[in-house]
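In the two complexes below, chain A is the common chain; its partner is chain B in one and chain C in the other.
Right, the complex of A and B next:
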């Protein structure tokens, strides 16, 4: 299911993470990040092993699994991989596709520079991580 | 104003102290001088609440001296924080009610940064945003670990 560059830009503009960027900025982001596709059942990040970068889901869905148990699912507009990259530690969960997946991928070493280049994306990520922390704390109580 | 600052630290002293706090490592000199100018010193006696669970956050707090307890509900102590630690950032970022109370465990001095000042700094200085994301990610991971075991 090929998507034209134009369709990709339109899709990215609609994702929360990129919502505050101008069209030329979104085009630059699409150029900077690699578009990748994965079939159903593919493991993209492996718990306990070195992380391979930052991923933004353009289309599809993945399961987040810890010790084989599914703890959540992520879909279009969600992102993953940034925790291990920013901490410099292996992922604490497996990320496995539950159906055909299209992502934008950025190599780990490039993430900090990318966020510095696009402060609105960084702020969106900050809010998303804050929400994740709240949810994580909710499990504890 | 709810609190009256004791006016003991100069902006220069505040900048020097904040410069040693990891959260503010690597931020620009301009951001640091703005931060020092807007950070208000507040003193609390032992047992006094600094933030209360359920209230929407009005700021970020950095402990200068003393210690605090992070408390959920009536007596569930989640953490004890000391000089150089910070709290209150979550509610500033997502504008949701505080998920815990923070109470001074002894006479405690903090520097308080109001929500709007912090948000303005975050928009202007990517280094600060990046530090804050890393700080939150560490805590997400710690919460997840606790969830698992």
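Right, the complex of A and C next:
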């Protein structure tokens, strides 16, 4: 269902990534990022393809797949695409919707400026990426 | 009564019903007829033209038609220089726009564009039932019933080309006191006024540009800073035609940009007070204005489609769609025209396609109709054979000239199937995201793409049987002629293995 702009801002304010932003800042984020919808089974990030972007899941779920093998799932409030954008490299995994998905999207070239504008988001992202790294290391050991 | 009985498409049962007589509806109807698919077209308007019957407010389009391109006007490649004509298979019905322009600008006037669309309908002999309002929708088993002011239309497939046309104002307190963009009055009535425009997209800047010489002061406000198309490397951003207010703001000439959200608007005697909250500091600012205009966009007038399961999203309430512009939640319902912008496609480097403009939507409509024909009516569009030794040249010529690829960068691609049983076949123009994600027979597709530096280059996608597509970027060329020796060599190498099975 369509969300009003106020409902979208309320939803974003409740996501961990944006939890440290003021309401006017969240409103600016909602205007800066494009709301997009993808049907079930659609790839959003494609392993090995250039020019990807940064996505925050507003509603729905995606599978993370490497060489066709599912390694995890992401849901509301999770984000993806930041690694390949920040490293300037194609993604190492596919992101595929497992049900209808609603995301906020920021083009890759805008991500660095966005993080500089909103340091609290950068910190939240850093913590989330550190957690992923720790979990990956635990899994390996 | 005689006149009434001559109106085409009376209520009844049709394989397809198209709703709308703007560019999207007209283009979809043209290709349905071209493929021999019986259909009805209904429109609430009295004449063709859609939004161009009223807008842009200042009567000059944002999309170019350059009358003197390097190829004849009836050549398919001329469409790259003409963003406003609709597509036709007959050479005499192509590129109607340039002959209707008065030569004062490469951007047609609104009346010229309206005439362009009416002329296309007249010359191609398309039929439209005007003054017929679609009011509500229901299901009868697998079929749809469109209840209209003239009666009920039943169909297997419904194509809605009703535009992103319903004025939208936020529900923030006080917006009921202000006019929307669509209610803008003649420019002279703003003489000496302090004007406050909510929104920093093209419609806001169109008004600011047109009212520069009339208003005493112009403030443009929205949470996000203004983005210019020349910086974004795409039409997403303020177009060059509307940058005068940007210069005035920089020079301190009575134009002000506020990066702020609107908290509320209150009446103060004869004027309005706009309470803004700055996006960076959170500080509140109050700005008094004689006139406030909400250039806050439009939503899709989808009537009650949500009640039969059509999912919509975002501020514009666009339908959630598949890569072929079919409702993601109600198969058999398709969308044409500006609504197509709800399908993001690959959006490489964040650059959107031009589906919200005629030069993108006309190709989407054709591709969508070919898909509808095959999927719902078993009509196969011919896929001519291609000689193996001509494939490299064909791909590079498409990347250099094809308006489909240039107008819809990273979005539409020219594809060829490499099926060992059938040889190399021309699959025509397809959604790129569909091609790269579809599993099945081997194929190759070429697209034109822009990267984050603004460099424009071809990209080739090769799909081997039942394997994911592989991307290869080819080199750019200073004059955008990609048929270079390096690109030929690289493409030949890429295709060597991929076409092996299809070369007989």
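As a working rule, the second predicted complex is superposed on the first by the 140 of 141 C-alpha atoms of A that agree within 3 Å, B and C clash if a C-alpha of one lies under 4 Å from a C-alpha of the other, contacts with A are read in each partner's own complex, and residues count from 1 in each chain.
The working rule: a residue touches a chain if its C-beta (ideal position, glycine included) is under 8 Å from a C-beta of that chain, and two chains touch if they have at least 3 such contacts.
The structure displayed is predicted, hence computed values, not measured ones.
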Combined model on chain A where chain B meets chain C, clash or fit: fit
First, second, both or neither for A:37, with chain B first and chain C second: second
First, second, both or neither for A:132, with chain B first and chain C second: first
Touched partner set for A:24, first chain B, second chain C, both or neither: second
Chain B or chain C, by number of chain A residues touched: C
First, second, both or neither for A:122, with chain B first and chain C second: first
Angle at the Cα centre of chain A, taken between the Cα centres of chain B and chain C once the superposition is applied, in steps of 10 degrees: 140
Minimum C-alpha separation between chain B and chain C after superposing on chain A, in Å: 15
Those residues of chain A which chain B touches in one complex and chain C touches in the other: none
Interfacial residue positions of chain A with respect to chain C in the complex: 1-6, 8, 22, 24-25, 27-28, 30-32, 34-40, 42-43, 46-53, 68, 94, 100, 102, 105-110
Chain A - residues contacting chain B, complex: 66-67, 82-83, 86-87, 89, 92, 112, 115-116, 119, 122-123, 125-127, 129-134, 136-141
Residue ranges of chain B in contact with chain A within the complex: 72, 76, 89-90, 93-94, 96, 99, 122-123, 126-127, 129-130, 132-134, 136-141, 143-148
Chain C residues within the chain A interface of the complex: 170-171, 222-224, 259-261, 277-279, 282, 306, 311-315, 317-318, 320-323, 328-329, 342, 344, 346-352, 410, 433, 436-437, 449, 451-452, 468, 470-471, 473
